[in-house]
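You will see two complexes here that share chain A, one where it goes with chain B and one where it goes with chain C.
Presenting the complex of A and B:
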């Protein structure tokens, strides 16, 4: 953000110079060799990309249209049957899948507001004129560099119902000391959201902080001169100034929450029952542990479609707000 | 009138605001630090001590838990540490080499199909990784890579983000820098290696840190593609360790310490670069 001003300032000259300078060489007749050179530079990446991204994406679609199984010699094309099964109420797979989708949905709805608002407030605190900003920033970000397994292990013990340190401490100050943090609803949700905020809060905080630094200080001064108070400045200067950052953060945070796997896998084992078994957890289990690969491939595409719809809606909403803001 | 009033009350008000600001920040910092400190403290306890007094200091200070881990045949945690380090390094190098070459072509060379290739790469950025999970498992299986380091390094090296991020950087460089080299008779390869790569060092360092952390902390994929105890990385390994020693707090916490200390040290050394590069890549991207 801070870099945009000089970039914008130099861009026109640069484009002018680049346009004049590079055109003669770009139009040279020996373009066959140029093309070859370019594709040779791209070759190592494209090899990986075609093998492990494009290939699997197509393979996955094809698999979802067959009765693919690792135990079957010949696969037959079954059309949209795997998808139809997912949308046929009453079958075990359909109800389990939609249950897991709703679990992911609940987690998105429960976690994203905290994952956006808490870092925003922390970033605003860190953006004040205080000492040791860097130290605080470092501490808040630190858990994010740890893997989810470390997080799961630490919090598994803190949140344990019988021997967990949290219930122990709560008992000491007279609160109930038998809260089933990782074994019963609704506490499992409190734990999963809380642990996720603890773990990843630092990421959005530093992104917001970078966004805040990019807001022109003159705008705050002008608002002060107009008699705006702290709250007023927050809504009329800070929030509009953070708009592009906000779009980025909400989009990436929704996608991250939609991909939640480790926290449930490690802390609640998807339980109680299947109450916290997320879509990713269910698809991975069906595809790789239960060998229901074809239905699982279909599920992964249904999840993808659902996320695409959510992303489009999110983009639309944000754009609308930007347009309203401009008017 | 109002200005006089506010000027008089300002210093006291400001001091209070300052104090409460620090109180909130320190409280938050404690919430972050205490669980990590507790992990470290517990790892130096005996099993009995860890159960008896979960939140007191170790009495006596014991390295029993670490000794148990060191001699454990089923949970070779130092081997996992090495595996994690090796895998993260191999994948980081693969990403740096392939993404910098590809990004150079997409940013600085003209060729037919450029827009299609770039568009195809970028469009995969928003595809959830689970879409590739099952097909990639079968591909890795057919390549004979299950339970090897290749399974956890090569497929993930196809980094659309790496291409996007480095292309962004290369596009921002003025064309004059390579034109000067071209006049001196340098070819594309020399321009790439001797002009652009040195200039891209900060961007490459950023990408390296992000790639390393990403691979180090990956959980879902290694849980499914690594099978034998000696081939695990720390993340799936820690999960096994917890299963095997679920009632032995000290041992599991020692495992967590071993898994987190290397990245925390790396983070401590390079925290400014890491924090700024992560924030920068997001805000610019």
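Presenting the complex of A and C:
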């Protein structure tokens, strides 16, 4: 959804350059000019942000309160009816929408742990003094630059039930060779999570790697002098050192997973039945294919509200940990 | 790289368009454009005609520009400009573009979309245009022309039809010692049984639109049923005929004629790889280059039920009702449509059957594209897609039922019943949404 940008933008902030400027009143003219310069630099982005994020978002609220149809001249205000329908069992959209929300939920729960832990471990490996780290870094990051359409086609060939490469290889080593990777549960989930981890872990890896570089080497040395082993150093130096990065990564990863669309659209067609039809997929279908724009707008706001709540909880939890860590 | 004459034509038509807009005589109603003479020639001022279509794959990207270039060369006062884009993009963009007066002057739509557009007043009533061009239902395969009819008005001229057929890998079929292509339930089952004996799953059945849904629709018509009642207010695909059709498909898996859990396109891949003998697929596969090294043949789909029937899709020409549509452009567009239909022989290259009978009945067509013959023979009993606004959303429920039944989530009857319940809700919502 378009609404994630402000949350993301604030995520990596920590107590930055707040300690300076003890006499603000004396420097007002200069700082005023500086503010103006800053706004000028921000203007191009702000303009795009207002036009393509804030504007449509506000328009979407209005849309969700009407029986909006692109084909009518006049739109009728219907109040909260579209929202009420979503929460009334038995309406056309309610059961499908909540099914798709639960599908998105399953995907978040299944994918986020892997998308955080695997890149963390890879980043730690890449942070060691080994040969050809740059080459490895490129290799791990490479899939991320591919478009989802490419991913869909490649994995479609690999995961085909009968003629897929994966099942063929499994057959060679005596495992079942007819696993319905893209056709039946639970295998579709394994495929979708696996493909997503392979595709996007490069980004998180690079961010973790940057975080690792930022941890003061003295801390490791001090820990060694105190007799800490590798495991102890990991839990007591690395993890606390990565906390701000971790907050950023879990938040963005949860939001990215909640926006999952292409993988299931291309690989499983939302199937079997509607088992992998995610909320975004259902909303896009309702709004753009079926022209049910008003209910679709209402659905995206419900999804937005759910994600906002999750993000706030996530921030709170991580912040408490940071504060405890400081004590 | 615009040729000087073309630039002049464009300049002239822009000047013309501006002139018309300023003088305020651009308002147009339904009906014929004024400037088409009886022999189908356009005699008005120079115009640009914008043409939207979704032919972005296969042979179309070379054929369409060739045809248009030829048309433009033959018509001094008309310049057709094609705007190819994905079908999905057309669905998303065209309604809004027409409402804003920025849509095309002529477009091609799939048969099942026509009513959705017509119900929203996005298309011109083309009755007058069609009379002017001298077209009637007899100029096209039975039943296609009527698919352009909605609430007693004709909105569309057929362009192509694409029936389902039976593709056979003859090498695999020979493994079971069979040389005759099966035509009915008995011979088809016998062939599947013989193939099973030879260790081959003969027909891989899938639960996706391509092509499980097309197969199911063919079967339900063969068993005497239909997807919806006559005025499309109620889903009837869960009728006895529907249950028979879907049960026949799930039995393919149960009897070992098909593996379970076939992924989308898994069956056509298997046919090409020599792992199966039969695949129910559309006429568009006749141009599949992967068939080059294969000993294959296409045949009409076997008659499994009580009567002959087969699913077919169709595409149609439409004349969008743009805000302030220029009558001359519509008139020129109608000349273009007639010319395209008359010159649609080469369209078979894309794996679609030209809808115009004159072109299809020309022996030269089969000489050049012999693989099309079985599909042409099916047109006698082909069924086309349901005409009703917003029907694709209800149709999606059919695929859902197939998918659930073929993956063993539900038995055929309850899968179809659940889908029909949902489809009925959607039909009711559509009535509210698009009115009667």
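Please note the rule applied: the second predicted complex is superposed on the first by the 274 of 327 C-alpha atoms of A that agree within 3 Å, B and C clash if a C-alpha of one lies under 4 Å from a C-alpha of the other, contacts with A are read in each partner's own complex, and residues count from 1 in each chain.
The rule we apply is simple: contacts are C-beta pairs under 8 Å (C-beta built on N, C-alpha and C of every residue); 3 or more make two chains touch, one makes a residue touch a chain.
Small disclaimer: the values here were computed from a predicted structure and weren't measured.
Peer 1: Go through the superposed model and pick first if A:152 touches only chain B, second if only chain C, both, or neither.
Peer 2: A:152 sits against chain B, while chain C stays out of touch.
Peer 1: Which of the two partners, first being chain B and second being chain C, lies in contact with A:206: first, second, both, or neither?
Peer 2: Only chain B; A:206 stays clear of chain C.
Peer 1: Just to be sure I read the superposition right, which of the two partners does A:163 touch: chain B = first, chain C = second, or both, or neither?
Peer 2: both
Peer 1: When both complexes are superposed, which of chain B and chain C contacts more residues belonging to chain A?
Peer 2: B
Peer 1: Counting only touches as set out at the top, which of chain B and chain C does A:180 meet: first, second, both, neither?
Peer 2: second
Peer 1: Which of the two partners, first being chain B and second being chain C, lies in contact with A:222: first, second, both, or neither?
Peer 2: Neither partner.
Peer 1: If you stack the two complexes on chain A, which partner ends up touching A:313: first (chain B), second (chain C), both, or neither?
Peer 2: neither
Peer 1: Should A:288 be classified as contacting the first partner (chain B), the second (chain C), both, or neither?
Peer 2: Once the two structures are laid over each other on A, A:288 reaches both partners.
Peer 1: In the overlay, answer first, second, both or neither for which of chain B and chain C A:117 touches.
Peer 2: A:117: touches no partner chain.
Peer 1: Determine, under the contact definition given at the top, whether A:48 touches first (chain B), second (chain C), both, or neither.
Peer 2: first
Peer 1: Pick out the shared contact residues on chain A: the ones touching chain B in one complex and chain C in the other.
Peer 2: The answer is residues 70, 156, 163, 288 of chain A.
Peer 1: So in the complex, which bits of chain B are touching chain A?
Peer 2: It comes out as residues 18, 21-22, 24-25, 28-29, 31-33, 35-36, 38-39, 42, 51, 54-55, 94, 97-99, 101-102, 104-106, 109-112, 114, 117, 120-121, 124, 126-139, 154-158, 160, 163, 172, 174-176, 179, 182, 188, 192, 213, 216-220, 223-224, 234-239, 241-242, 249, 252-253, 255-256, 259-260, 263-264, 266-268, 271-272, 274-276, 278-280, 282-285.
Peer 1: Can you check the complex and tell me which residues of chain A touch chain C?
Peer 2: Within the complex, chain A touches chain C at residues 69-71, 92, 156, 159-164, 178, 180-184, 269, 271-274, 288-292.
Peer 1: Along chain C, where are the residues that touch chain A in the complex?
Peer 2: Chain C residues touching chain A: 88, 91-92, 95-96, 99, 120-122, 204, 207-208, 259-264, 266, 269-270, 273, 275, 390, 392-393, 400, 403-404, 407, 409, 422, 425-426, 429, 433.
Peer 1: Spell out the part of chain A that touches chain B in their complex, as residue ranges.
Peer 2: 1, 3, 7, 14, 17-18, 21-22, 25-26, 31, 34-35, 37-39, 41-42, 44-46, 48-49, 51-57, 59-60, 63, 70, 122, 125-126, 128, 130, 134, 136-143, 145-150, 152-158, 163, 165, 168-169, 198, 203, 206-207, 209-211, 214, 245, 248-249, 252, 255, 258-259, 261-262, 265-266, 279-280, 283-284, 287-288, 293, 296-297, 300-301, 303-304, 307-308, 311
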